[in-house]
Amino acid sequence: MSAPPAPPMPRTAGSAAEAYRLEGELPMVEQPAVPFVEIETVRAREFIPAAKEAFGALIAEQGQAKLIRPTFNWAGRNSLFPLHWGLACCAIEFASAFSARWDSERFGIVPRSSPRQCDLMIVNGTVTWKVAHKLITLYEQMPEPKWVIAMGNCATGGGPFRTAYSVVPGVDKLVPVDVYIAGCPPRPEAMIDGILRLEELIRERRE
Amino acid sequence: MSSLSLYGVSFDLVHLLLTSIGSVLPYPLDAWITNGTLVLVLSVLVFAAILLAASMINTIVLIWWERKLLGRFMDRRGAMHVGYAGLLQNFADGLKLFRKHTFKPAEADTLGFFSGPTAYMVTSMILFGVLPISTGWNSGSLPLSLLLALAIFSFAPLFIFVSAWSSNNKYSLMGGMRSAAQMIAYEVPLLLAVVAVVIVSGSFDLTTIVTEQQNYWFWGPLFLALVVFVAGMLAEMERIPFDLPEAEAELVEGWNTEYGGMLFAFFMLADYLRGLVGSFLVVLLFLGGWTMPSWVPGALTNFPLAGIFWFLVKTYLVFGLFVWIRASLPRVRTDQLLRVGWNRMIPLSLAAVFLAAALVTVKCLPVFGCLPSPGV
Amino acid sequence: MWINMGPQHPMTHGLWNLRVKIDGELITDCDPEMGYLHRGIEKISEDRHYNEVITLMDRTCYVAGFAWEHLYVLAAEEALHIQPPERAEYLRTLCEEFQRIGSHLMWYAAFVQDIGLMSPFLYGMRDRDLVLDLFQSYTGARMTYEYMRVGGVRNDLPPGFTGHARKVLDWLSDRFVEYDRLCLGSDIFRKRCDGLGVLSAADCVATGVTGPMLRSAGVKRDVRRDRPYAAYPQLDFDVAVADGADVTARYLVRMEEMRQSVRLLRQVLDWLDHHPGPVLADRLPRWLGAPYAPVGKEEYVLKRNYPKGVGFSSIEEPHGEAQAYVVNEGSEHPYRVKFRSPVFANLSATRHYLVGYRVADIPPIMGSVDICVGEVDR
Amino acid sequence: MQSDDVARTVAAQIGERFLGLEPFPRTAGRLRFRSEAALPLFHTVKEQLGFHHLSMVGGIDWVTHREVFYVVWSDDRRQYLLLSADLPAAAPHIESAASVWPAANWHERETWELVDIQFDHHPDLRHLLLPDGYEAHPLLRSFQLHEPEELEVKQRSV
């Protein structure tokens, strides 16, 4: 007994899954016989998605769970480049965390000035409405995968300036936040601890 | 020589592999598979792969060396938690950058944006095929290998400028302009310093230049040329007293501001490749390459791969000097840099050339021999 | 071509935007854009009890928290007619002078990084941590202390503090020599900084520039000397001045100020060793530190018959001359608090000391101004 | 006492628009004047009395009226002098001091946007601390602080 022939892939919009779903709902239409060998030039732009799909499936089945994802997660969590900027008080402790006593570079944390080269935005201070759209721009300029740490009370929820007219009550109203660090300002140890917790999150990440 | 060279090694390897495959194959196939052209092509590929692996590993270890050394200069530790003493840190960085989303800013020029870093990386890598590392590590004797190396070395400003221009970012553009101006300004004294070496050694072949240094290394008699060469090299490598194109304080990240992910990794890797090549050249031209003076006990120079070992030791020490300079000097300004380049470096390098010519004329080189070796 | 340097830019050391018009590498015009860190501290203060405002003061200038606490506390005491005990005044002087060293070390770290010196940044931060450790030993915090009170300070020093503080001062005095060797000993440093960002004494006065920038132009003006407050009248020190009005002169002034601070601190520590006493005035109004509750409009109405008053104070903050104006209308909240930030005035003169130089000169010049955006935007 | 000299000089210059010199601890005093006399007063204080340094400009909303105050410093006298004028609550305005003391520029911009005091003939009166187009004046008494409204927390899309 041979398996029924797969329905033809739709050429335009829609996906294979959609075609299968339709098949369940509608009565089968008689298909003309397909010749065994079809001589056709395979174009690169058709080949690449197909190959991607095939290899993607292969990797998803076999390698990804055991090899590829752990490897890349290991790399990703051990080299987090935070964005080098300072908003307010916490920025000083942020800088202290890179000084000789705490030396975040031990963990591979190196601040970069260009958002294009960063994985991690540490919001180290009070976010005002005036700077909000620039913060979002910076976040959008960072390439995926990216993370955000809200450092200190102001970034978490407005802190002592919560009632002020110009302050965003927590940066999570602007961008998704992964880790919140309490403190006003948090000590450098706390900042490093926050980053290590983020590393734990990345370790369990599946994508 | 050819049987000893790295290229010979790869040829032998491929030949062995193909003949063993051919021995189990029927008639027409075994003749085809052991044919000379195929062996040649494959051995070139194997040679390139060995070079690639060696250069990559060396570059990554070089970055580690710089980070640890810089950490010590700054009273801290540097990377230490990933792998033993942070040795795997740079592999993690590389893998992470590989994993990052590759993108292009909306207003950037596609062709230039992607080809710039790639070409910069490739030209830096080609250099490894040219430079001899030890007696067994070259692609055969090129009579003009020094000129070829320097020619390839000076391609870089073009590609930096292309990628900076096509990024469509004001900081990138300014960085690219500075980079081009600086590299062109320092190309001239660099080459003139090399001319001094060529005059003394009488050859453009790096292998010959090294064997000429068997008795005395050139840093003693050609000290002036060495100073000019190191300064020029610092400018070419864009390291800290001359790192204006990436001056972090004013031009965010200089010409690679808009680059992220793998393209940024290309830039970083190519920068350090050039750092490695620069240190190689200093060692080859002035510090005797893989040779060691005769007063060093034979046990230290006669073990297998001793040439490579000593060559790498010298290279890393020279790079350590560059790191030391980076840790202790501030950055100069563009106009000061160019003024020093055109007004000071060129006269100095001309003086070095004349000095070398005078030394050769009066034949008093052994007097200056820094490490005289009467035995050889 | 206008370029935006900020709000996220390595040069800014905070959240502001320097818009620069350049012609090639030459600066032809500039326009600082402030307010990215405007947190409405003056408004929130009207909502707080007198002692609660001190919490905000620490965050106003986060590298010189003690100086701003001191500034506010002086004005509030004047407005509320309270006299602090003498030991508290010495303790405040101790805090302020240590804070000056800490702030200048922070400045040093940021400034040398701007001109590309990498290691001294780490050295400056390392030595600043020693000062912060001292603060931590008697306030419990590294940066936001909440130590001073209207009418004194919160607590006395822990036992053994003065001995430890003297050791730190000895260590720092040695380090200052090292800093000078690293910077002034370097030809590149001198070439980068000499004759840069010149702002003459007349321009300084006209544009309201104060602090080390003014003293670097040769004007011997220091609030600690001209209008002494706290324990300064009893202490012996010199006002650091330099000629040249350029970046190097500002460097020299700040370095000398740190040495003078060490000298002042030794005197203060000696006094503190021999004069125990209370650190908080007795018979303070209890509502000074009542718990915070948001208040409505009607709360501003006078409730108690406390005498009204206006307090004005002026201190020599690490960045320059800071002033506070506190209006007490007899309620438990200050009616109006107004601060004068020295960096605010120093930045408003940007056009005078930036135009005509090159893009590469912006970081050293702005570094020599010593910017703390928190107190500019408040 | 030097403050007598201040009162005399100012009274001679601006006449009855000079409202008196109140004593103020550890300063030369607080000089009250009518807002119409601003510019001549500033010139007098700076040029005749030698207060070359303007430190601070601020405003206070007294609900019934507004007050604008200046703090100036003289290097010769080593003293501060406070200048203060009352302005009507409706459309408060005063002549800008920026032509006399350039330092007043930013201070007046700040006072304008926070306390809503119009400075006539100011060279560059636009928003400094608040974003462009912000219409409220936060340091007025009528401006109330309140708990921020609840906003939606952004979630990671991946």
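As written, the chains take the letters A, B, C and D, and residue 1 is the first residue of each chain.
One rule holds in what follows: contacts are C-beta pairs under 8 Å (C-beta built on N, C-alpha and C of every residue); 3 or more make two chains touch, one makes a residue touch a chain.
Bear in mind that the values here come from a model prediction, so they are computed numbers and not experimental data.
Here the chain-to-chain distance from chain B to chain D, counted in touching steps, is 2. Computed from the mean C-alpha positions, the centre of chain A lies at a distance of 40 Å from the centre of chain C. The distance from the centre of chain C to the centre of chain D, with each centre set as the mean of the Cα atoms, comes to 23 Å. Averaged Cα coordinates give chain B a centre that lies 48 Å from the centre of chain C.
Mean C-alpha position of chain A lies 36 Å from that of chain B. Counting partners per residue, chain C has 9-10, 35, 38, 40, 43-44, 47, 122-123, 126, 294 as the residues that reach two or more other chains.
The set of chain D residues that touch two or more partner chains comprises 130-131, 138, 143, 145-147. In chain B, 74-76, 248, 252 are the positions where the chain touches two or more neighbouring chains simultaneously. Viewed as a contact network, the protein chains fit none of the simple shapes, being neither a path, a ring, a star nor fully connected. Chains touching one another form the pairs A-B, A-C, A-D, B-C, C-D.
Of all the residues in chain C, the ones that touch chain A in their complex are 7-10, 13-15, 35-41, 43-44, 47, 55-56, 59, 62-63, 106, 109, 122-123, 125-126, 129, 142-144, 294, 373-374.
Only residues 83-89, 91-93, 95-96, 99-101, 113, 115, 125-126, 128, 130-131, 134, 138, 160-161, 163-167, 184-185, 187 of chain A touch chain C when the two sit together in their complex.
Touching chain C in their complex are the following residues of chain D: 24-27, 52-56, 58, 60-61, 69, 71, 75, 78-80, 82, 101-103, 105-107, 114, 127-131, 138-139, 141, 143-147.
Across the complex, chain C meets chain D through its residues 34-35, 38, 40, 42-44, 47, 78, 205-208, 210, 219, 221, 226-227, 294, 296-297, 300, 310, 312, 314, 321, 323, 325, 327, 335-336, 338, 340, 344-345, 347-349, 377-378. Interface residues of chain D facing chain A in the complex, by the touch rule stated above, are 130-131, 136, 138, 143, 145-148, 151-158.
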